[in-house]
Amino acid sequence: MQLGMIGLGRMGGNMARRIHRAGHECVVFSQHEKTVAEFAHEGMIGASGLPDVVARLRPPRAVWVMLPAGAVTEETVAALSDLLSAGDCVIDGGNTFYKDDIRRAKALAAKGVAYVDVGTSGGVWGLDRGYCMMIGGAKPEVERLDPIFKALAPGSGAIARTPGREGRDPRAELGYIHAGPAGAGHFVKMIHNGIEYGLMQAYAEGFDILRGKAGAHLPEAERFTFDLADIAEVWRRGSVISSWLLDLSAMALAEDETLANFQGAVEDSGEGRWTIEAAIEEATPANVLAASLFVRFRSRQAHTFGERLLSAMRFKFGGHVEPPSGG
Amino acid sequence: MQLGMIGLGRMGGNMARRIHRAGHECVVFSQHEKTVAEFAHEGMIGASGLPDVVARLRPPRAVWVMLPAGAVTEETVAALSDLLSAGDCVIDGGNTFYKDDIRRAKALAAKGVAYVDVGTSGGVWGLDRGYCMMIGGAKPEVERLDPIFKALAPGSGAIARTPGREGRDPRAELGYIHAGPAGAGHFVKMIHNGIEYGLMQAYAEGFDILRGKAGAHLPEAERFTFDLADIAEVWRRGSVISSWLLDLSAMALAEDETLANFQGAVEDSGEGRWTIEAAIEEATPANVLAASLFVRFRSRQAHTFGERLLSAMRFKFGGHVEPPSGG
Amino acid sequence: MQLGMIGLGRMGGNMARRIHRAGHECVVFSQHEKTVAEFAHEGMIGASGLPDVVARLRPPRAVWVMLPAGAVTEETVAALSDLLSAGDCVIDGGNTFYKDDIRRAKALAAKGVAYVDVGTSGGVWGLDRGYCMMIGGAKPEVERLDPIFKALAPGSGAIARTPGREGRDPRAELGYIHAGPAGAGHFVKMIHNGIEYGLMQAYAEGFDILRGKAGAHLPEAERFTFDLADIAEVWRRGSVISSWLLDLSAMALAEDETLANFQGAVEDSGEGRWTIEAAIEEATPANVLAASLFVRFRSRQAHTFGERLLSAMRFKFGGHVEPPSGG
Amino acid sequence: MQLGMIGLGRMGGNMARRIHRAGHECVVFSQHEKTVAEFAHEGMIGASGLPDVVARLRPPRAVWVMLPAGAVTEETVAALSDLLSAGDCVIDGGNTFYKDDIRRAKALAAKGVAYVDVGTSGGVWGLDRGYCMMIGGAKPEVERLDPIFKALAPGSGAIARTPGREGRDPRAELGYIHAGPAGAGHFVKMIHNGIEYGLMQAYAEGFDILRGKAGAHLPEAERFTFDLADIAEVWRRGSVISSWLLDLSAMALAEDETLANFQGAVEDSGEGRWTIEAAIEEATPANVLAASLFVRFRSRQAHTFGERLLSAMRFKFGGHVEPPSGG
């Protein structure tokens, strides 16, 4: 089938390629003319702008927006809503806040244009490994787009089947699900990222404690100097904590056990924050996910003002002076 | 080679079987005569007690203790230390606190008996999947016992190799490592379990928020009723958060998405607690691992006294009365 | 001066009384006719509805809304905005979300009506102890309303002066501040409540550990059975952790050291939640305030679904069965 | 009565002075001859060493050790135990781990020497404000030492009485309690300090969020620049969160609202750590107290290794590069 792809960055570009390789017709557009030309050279149809994308697609059209969440995506969806006709469909594959999806779907429905949100996981590995997709939208559109989702998804591959899934939706085993109405796809992806923060932080703390066990301030008989690369590797094999994130950690540690290329200022994106807000709206405790987010906030500061206040209080009640090195 | 195995429970029994299947000679003992007979029937050599185990092994002997950590293991190691001779070796494969290993290794060394601690992960799946092992002890013993470790380990299997490991210890890729001197094996296993708590809690919170999204107190347009079994399944395929714990979650949710067979009183074992104590000794922050442990403490109480005090304060300053249903 | 007071509940009623006692003229209104009559009996001017309140005040009018935050307050402010004239002023003394203040102030400004938000702390003790107020709004209105704030505030009283405040705003020492433009008052009050959650939780955990020290599962020689009422009392006197919340705890524990009248299902209100959202918007770590909020969420559930999932995973990987008593 | 005081630092020195001022006879000793001379000049009896302290006291003697917890205190108590006779008493007023008290009390009991542990709060303010004391030991000794405790304690002073304390131990209202057998005093003090960490962190986070509200990355209409000194001051007056720690914060902020003299590397001492270990031993959740401790650990590092691992994982799965400024 035909698909328009807006945005040819790290994610959108490889997704277009994977769709193209599966035999579908991709009309592609990016702000960067050169990039469009590159994709045209690979056999896709380059477009000169949004109107051109729309013009090159046969109705009912499907246009996939794969741009940074926020203003850029918002404007692109708005522009498409003007260009498209009843029966067409806009897909937002980025990391949009799910309440924006709900709002947009309602607005576009007024014009007869469908809106589908797709939370996409897979990162730079997706081209080869396939993309895990969590889809929100109305049933007819999600079914109409099925060939595209099938092309992007990893497929069942070598991963063992989960016993007891007989009678359940077979799409989940191929790597994509129809999670619910508009917004549901991005909500599930948002929680996915929230969990991701928690998993990463659990490994980070564990390796931190392992590394700290060589610390000179510990009793000598209780000090250990561990080979973290070997530990990450062995945990990949038969242990309860094997995971893809551990695979990646093992790679990073095998390259350089000191991780000297990284200093530890860790970015966060909307999903991690929205996950905590969703938890709060529901009154669901989320200690680990919140703590993981806060570690990232903290990692980007030399000191918080709060820590200065702690020192000030300690000085006031006990005359305690900060350690000279000052951390 | 020959190995004595003390303890034939869920872990020790299957480990003996795996060693036996690999062609080694297993002398087995358990408190339960019937169990010993059963293993003898499978072709292993049953023993009537610790002295009999020792008598049936040729020096230098190796006796693996696979019993609940704590008093039972402590007494068994002490008894073996009296029965064994210089050049023999005791292996503790349970979940012993690493400082006890350090102490025992020192005590046994005085008699010329070696002490090896093996942190073992794999659970009920180990018989088929193999056991991931983290080993502490002196180099000669760990090397002498290599055939046993090789038999127990999963081997390289179908798991992809980590790029860049050339020149590193090949044992890690087979599923076991020599982590350091006595105590180092259990320390690494302890951290493994600490991480395990954190990973589990990250998933638990994520699924909790997903489930809560159907909550009647949320605005109707923002409510979603998710199929948690399908979500767990789809995340196994191409997503950043795929892991073995997620595989297990997918199984449990495929069987019954409401998890009605579980009420949520969650046990914890020594490793999770010692992990936090180790972090504190090192002055390493461990927010996520600690929070994961506390969730389990909390899960086994109807209410904490602390929560009653919160209610009492609220009543005192604001006249706030607890909600009638009381949770 | 004259003031209209809408809402005569626990907070509004006593505030009207305190203003009245200070010699100001209070026009009061509540949904409950009986309550209005009661206050009229105390010497205030009862009104029959919002139009009547407005009619009984001389311009420039000032109407204080002291109602539950949310829809009721929103509608009341909207209604007043229709009834009032340019130069008049609406004061929201409830626990409104500060972004709603910003929005309302902008809307009312279009009609020439001023909007002042007052975060108020003091609870049921305020009538006698005075109310601590954090005020947002434009300078002229805040200054015009000064006699009202002065009447409500505790005044400098017996509380020791903070050294080094010479040259700073004297109002802070009387118990009220002009925190900034509209919204600023409620923002500061919101943070106040966030801190309150954290302080309460710190005491709650401390007393919980003290109480648990009598636990039968601890080594007998290390068990202590503490008199919690005496401990709370002694900490009020010369210790670093003396506070008003501790005073209240000491009262509650002196009445009944077991707090048997409370079961521990603890409500939370908007401020605690908004505080975390504000922290997230700023990328400021707030581990303690978030954890305090989550304790309250958890306290109102028998078990979370997440805890059930933990149990399910434990069963799947280790065959672990939940403890029979089930917490 | 007579008392020996060993250690004349910030705490011990002022305590000796307060005891002396109350009319008791103080035999004092410190490693620093000059200090001893100074106290002798103030009217106390200077001693040249531990034997001299013991020689100058009439039996039954009472010797108060006020030294840094750990090796120094341990050795001093051991030395005194050799010098003292049956019926004498050693008091440890430092921050000793309560399990050490239990052990010492048992050891000294064998010689007929009593052991009393006193957790002391009050910091540099104690000389004037009095010391809050939590006492562990046998009843007869604690009663014999009552005049000393009464001299050190703040007394009932101007602090309001807690209603409902009739019939309870009157000592709590004077600022000291007999908490239980040896170890109980330091256990209560330990929890006191654990709570202190939590309270401090709650204020720290609240002020941090207030300060961050001026952040340039927030929408302009929602930015506030607060006067933190005024906010701290106003909260002292009639608010729910008034406390002594807030008084101290108000002082520090009145001196310099930017706290530029402090950088935020915050020390922790044994009590904060032991509190978490006690919570873990009891299986009592302590999220806030643990998080408060971890903030201090984190505050003394530029970055954790765990944070570097987070960055490494992010790079591996998403090609994410750290922000150039790198925090």
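When the chains are written out, they are named A, B, C and D in that same order, and each has its own residue count from 1.
Here is the rule we use: a residue touches a chain if its C-beta (ideal position, glycine included) is under 8 Å from a C-beta of that chain, and two chains touch if they have at least 3 such contacts.
In UniProt terms the chains read A, B, C, D = Decarboxylating 6-phosphogluconate dehydrogenase.
As the structure is a prediction and not an experimental result, all values here were calculated from the model.
Show which chains lie in contact with chain B and also with chain C.
Both chain B and chain C are touched by A, D, going by the contact rule given at the top.
Comparing C-D against A-C, which pair counts more contacting C-beta pairs?
Output for the comparison: C-D.
Where chain A and chain B touch, do the two copies share over half of their residue numbers, giving same, or under half, giving different?
Both copies, chain A as well as chain B, present the same residues to each other, with over half of the numbers appearing on both sides.
Take the average of all CA coordinates in chain A, do the same for chain C, and state the distance between these two points in whole angstrom.
Computed value for the inter-centroid distance: 38 Å.
Would you kindly tell me how far, in whole Å, the mean C-alpha position of chain D lies from that of chain C?
Computed value for the inter-centroid distance: 31 Å.
Give the residues of chain C touching no fewer than two other chains, as numbers and ranges.
Counting only residues that touch two or more other chains, chain C contributes 123, 201, 203, 205, 208, 212, 240, 244-245, 251, 283-287, 291, 294-295, 298, 300, 304, 317.
Which residues of chain B touch chain A in the complex?
Against chain A, the touching part of chain B is residues 99, 102, 121-123, 126, 129-134, 153-154, 156-160, 162-165, 168-169, 171-177, 179-181, 183-184, 187-188, 191-192, 194-199, 201-203, 205-206, 208-210, 212-213, 215, 217-218, 221-222, 224-227, 229-231, 233-247, 250-251, 254-255, 275, 278-279, 281-289, 291-292, 294-295.
If you look only at chain C, which of its residues touch chain B in the complex?
The contact residues of chain C facing chain B are 10, 123-125, 200-201, 203-205, 207-208, 211-212, 244-245, 248-249, 251-253, 259, 261-267, 287, 291, 295-296, 298-320, 322-323, 325-327.
So in the complex, the part of chain B that touches chain D is made up of which residues?
Its residues touching chain D are 240, 268, 273, 276-277, 280, 283-287, 290-291, 293-295, 297-298, 300, 304, 317.
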